[in-house]
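Two complexes, one shared chain (chain A), two partners (chain B, chain C).
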Partner chain A sequence: MTFVKRYLIPRLVQYVLVIWLGITFVFLIPRVTPNDPVMRMIDQMQARGSTLEPGTMDEIIRDLTEMYGLEGSWLDQYWAFWGRLLRGDFGVSFFQFPTRVNKLIFTAMPWTLGLLLTTTAITWTLGNIIGGLAGYYSRKGWSRVLDAVAMIVRPLPYYIFAFMLLLIFAYVVRWFPITGGAPLGAIPTFTWPFIKSVIWHSTLPAVSLMVLGGAVTFQTMKLLVQNINAENFVQYAKLGGVKEGRIVGKYIIRNALLPQITGLALGLGQIFSGALITEIVYGYPGLGMLLYRAIVNGDYNLIMGIVIFSIFGITTAILLVDLTYPLFDPRVRYT
Partner chain B sequence: MNETILRTEGLKTFYILDVFGTQKIVKAVNDVNLNIRTNEVYGIAGESGCGKTTLLKALAAAIEPPLRLVDGYIFYYVDGKAVDVATLSPEAKRKLRLDYIAYVPQGSMSALNPVIKLKETYQDFISSHVSGKTKEETIQLAEQHITELGLPPKILDSYPHQLSGGMRQRVTIALAALLKPSIIIADEPTTALDVVVQRGVVQLLMDIQKRLKNTIILVTHDMGVQANIADRVGIMYAGKIVEESTTEKIYGVPQHPYTKFLIDSLPQFGDKSTRQSVPGSPPSLIDLPSGCAFHPRCPHAMGICTEQTPDLITLDTDHKVACWLVGGEHGKTA
Partner chain C sequence: MRILKDLFRDYRFFVSLSVLVIIVVMAILSNFSPYDPTLWNVVPRDTKPSAEHWLGTDSNGQDIFWQATFAVRNSLIISLIASLVSRAIAIMVGMIAGYKGGTTDRVLMFAGDSLLVIPIFLIMVMLAMMVREFMNLVVLGLMLSFFGWAWDARLIRSIILSLRERDFTKTALLSGTGTVKLVLKEYIPFATPLIFSTLINNIAWAIGLEMTLAILGLVNLNIPTLGTMLNWALFYQSILLGRWWWILTPVVLSLCLFVALYWMSVSISEYLDPRTRIQRVGAQ
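== the complex of A and B ==
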């Protein structure tokens, strides 16, 4: 009970507070920037060559102002904003007018989730296993070779590495497609040919993310294991003749994974903001690309929609880490 | 006289370090001959950084790089037969640990796995040596063992961080005694504990020794603890044993100036004069002074001390010393 009263409730209050603050900032920031979406829309219409009569113009302005939730004082707007938000309504997009923001986000979401969940899971698992082994056998030749490879790969700027892969495997040898998440015009279905083509399209983006991300996980895990291997309790277990397999699993890996679990949860929380550079380089239709286009076009509603998802993702991930961490580390107890 | 249980012959274990391409050699244990017997408490004393812990690692057959066995032998007397430890396979060494030779770590602050309960640590230690026991049986065995040693069995359900430092140290001592080993090696078991807890820890060690009639090799720089529980004491300086004798003789008629300094630093009842410490500090084991390594700190240093290293010579039964002051009277080769 003390756990609920002294830890859980304050932590949940904090969670709600952080989300509220974040969303309030999301509301405020576009309104203090000198970028009027309504006028931009009108400009764009006029640039396309449509001439508007002053009466129609006023009407359009009024309609747009209402649609963007820009009616009345900031306080009125703020109330209306929360009202719509709680109903799960982010309004209509500006640059893909009049598609609803929800629809855009939910079209992009599966692409991003599919790509990033898979790569994060594979990267984390493989990076930790290989890094752990390399750390335990740090005096062996293969461990040094892997370490050297990771040392070379890790400092490569991601965009250069991603471009290199694209250039070599999509342009020079043409094993993989240059751009897109699926063939143009293909309708998403749960059929093997479609899934196969999705995997084929996402191979390069996935590899680029996994190689660089894996190098980081590998190096961190290797260092963690090397340090823990030198800890007193590991040396003591060895001097007590505890079997090697048990020392590696229960004494070294178990302790080394603690910070890695935190890292994994935070990484998963960041998935909702997409992987911008990956998506730009490979023309991948995910959330990062969507956010980028929303920012370039000053599409407030869309920016807000994506950022709010991202705020939820990250704060929830942190909350989950905080609540489950005592299960992994008994030294962190909330009593 | 009791039989030999552990013997070293010209033991040299050095740390060989590669520092930016240049090799550095730390002569942590340099030509040590020990003959440790059954049913005795053998104390090893000396300042920090004189090779005590390294000697223990070698005795526990835990020589791992960068530490290397450069020369000499370590013999275990398992069931009366001498076994050259260096020739054993890793698995054979693992089996001897805890069963034949058990280790009590220095400062048990971090000697226990922080994320598992003590009963799991117990289980890991037991099941690595005793096969064919169920989980319940091993826990029962652990409980029985803990109770026999006068510790509360409920500590098995605790995590290490929930226990006091003294309790943790007692748990590691209890673990060491688990399989009734012939030798228990204790590395500074009382360091970092207050004197009241120290007494309990020392008492536990002594109780175990009385019950098992085994050998305890006790390393501590605390000359007071040595005086109370050791049967024989070896004084270590710069990787060498410089004096070795029964506790009575070491404290009664110390021969080496270094031993005298160590004993003079002990507080005594009724004596209110300021305690003297050894002047200077221990030498670097990378760059040892010529001749006798103690000569820069020795008030009686003579010409020969800076040139030649004195051998460990036998004065009379059970009293050995390596010092030119003594060697002069008895002859170098005595």
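== the complex of A and C ==
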């Protein structure tokens, strides 16, 4: 029971509080910034040349105010806001009127989820294995070469790195398609040609996410392993004649994995944002592209939907990663 | 001088310092630009690099080299505002949380951790949408600083936590040193190296985020920055039309800047860490 009381419950409380804080941010931003979304909407409509009678204008303002949930005092608005969220209602998209925001998000989500899950799983596993070995054999040549590569790749922002890969592999040597997630007009089916083209289209985005994320995992793991390798218990095991494979696998990497799990949990938000940005570079039809279209069209409802959805998604993912922690660290389980 | 000499033993420090000096000189050159960066069609459009226009001209009729000097300058200004202000916030939060402890600590650290966990890129996109009309270098810098302090506040807090238990703290308190004086005089010097190395990382983070927001068109596109330059180059399809001199200028510049900043921060923090310093300059 102590595990539940000392680990699980505080973690769940934190989960709920973070979501509350994030959503409250989202609620406050349009209300404290000097910008009325309703008048903005009207301006945009007029800028596109629709002329409005004064009477209809008032009606539209009223409708939009209601739609944005801007009626009544802030407290009323706040309650109504949560009410709608808990019913899973994000309203309608303004620029693909009257498609619901939910529907747009759920069409885009599988793309992002597929890309993100595959790349993160591969990156984390490979990054830790390679980083761990490079840390243990840190004086070998290949370890130094990998280190040098990571030193150059690590500081690059997602956009710049993805863009450089795109320039090289889609414009200069033309191995991969320039944009999209599948051939234009293709209907998603579970046939081999379609799956093959999806993989082909997502190779560059995936590679760019994996190399950038992998550089971070590699570097931190290498450092951790180098530090643990210098500790007394490892020296003792070596002197005691424990097999090298066992030392690396059970003694060093297992210990180094703990901070890496925390690191993964803390980095998920960044990884997710990075995936959205990478999608924009490659025109990959996931949430990132949806966000881009929403920004270009000034579709505030859709942006809000994506942000709220992402806050829920990421905090839940982090919670799940954190809950696997006791599996790796017996100390958390028994204290 | 000894410190500099030791730092120069690392080739990364030398390389990064040289690159940064070149970039800063470029930023200073913007004061001598013969062209106004806000005016269009001051030079012939879309010409290749030549003796007259070193990096060619773009589709807006601007000289790319001089435009780039302004871009570098403005990107540096934004990132300096962002990193200095966020450092100030981080120091305050870290000091207060570390020194006060208890509920204050928990509340402040919860706020910081939430900023790490929530996808702040998306929150910034929302915020930038709402203040688009008021966007300038300072607003953007402040906006970035508001989201960039969390990690460093945590680091500073952990330093303070360990310093609080040391004997000199008790000596200072017993001899009647005030809290503010104690923190400023006794604790800050311990945290300074760390603050400096995270400052460099934060500059790079701010430049990268500015570029991303600029690509999405969420900043004032008439102010040249590395991001807005890239945005214009993409807008005019400079890749498809083969105008490599235009698209490559911001890409290569930012590439050099990011790598140089990172190498400098790694080099300095390795120097500051006694364990790695011994490997490099020997025990002294």
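One rule holds for everything that comes next: the second predicted complex is superposed on the first by the 279 of 335 C-alpha atoms of A that agree within 3 Å, B and C clash if a C-alpha of one lies under 4 Å from a C-alpha of the other, contacts with A are read in each partner's own complex, and residues count from 1 in each chain.
The rule is simple: a residue touches a chain if its C-beta (ideal position, glycine included) is under 8 Å from a C-beta of that chain, and two chains touch if they have at least 3 such contacts.
Values in this document were obtained by computation on a predicted structure and should not be read as measured data.
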Touching partner for A:Asp329 - first (chain B), second (chain C), both, neither: first
Chain B versus chain C as contact partner of A:Leu113, first or second or both or neither: neither
Partner chain in contact with A:Gln14 - chain B first, chain C second, else both or neither: second
Contact breadth on chain A, by residue count: chain C or chain B: C
Partner chain(s) touched by A:Arg246 [first = chain B, second = chain C, both, neither]: first
Contacts of A:Ile314 with chain B and chain C, given as first, second, both or neither: second
First, second, both or neither for A:Phe272, with chain B first and chain C second: second
Contacts of A:Tyr236 with chain B and chain C, given as first, second, both or neither: first
Contacts on chain A seen with chain B and repeated with chain C across the two complexes: none
Residue ranges of chain B touching chain A (in the complex, touch as defined): 60, 62, 65, 94-99, 102-103, 105-107, 109-117, 120, 124-125, 128-129, 159, 161, 172, 175-176
Residues of chain A defined as touching chain B within the complex: 139, 231-233, 235-244, 246, 250-251, 254-255, 258, 328-331
Complex contact set, residues of chain A against chain C: 14, 17-18, 21-22, 25-26, 29-30, 33-35, 37, 151-152, 154-160, 163-164, 167, 171, 266, 269, 272-273, 276-277, 280, 291-292, 295-296, 298, 300, 303-304, 306-307, 310-311, 314-315, 318
Chain A-facing residues of chain C, complex: 12, 110-111, 113-114, 116-123, 125-127, 129-134, 204, 208-209, 211-212, 215-218, 239, 247, 251, 254-255, 258-259, 261-263, 266
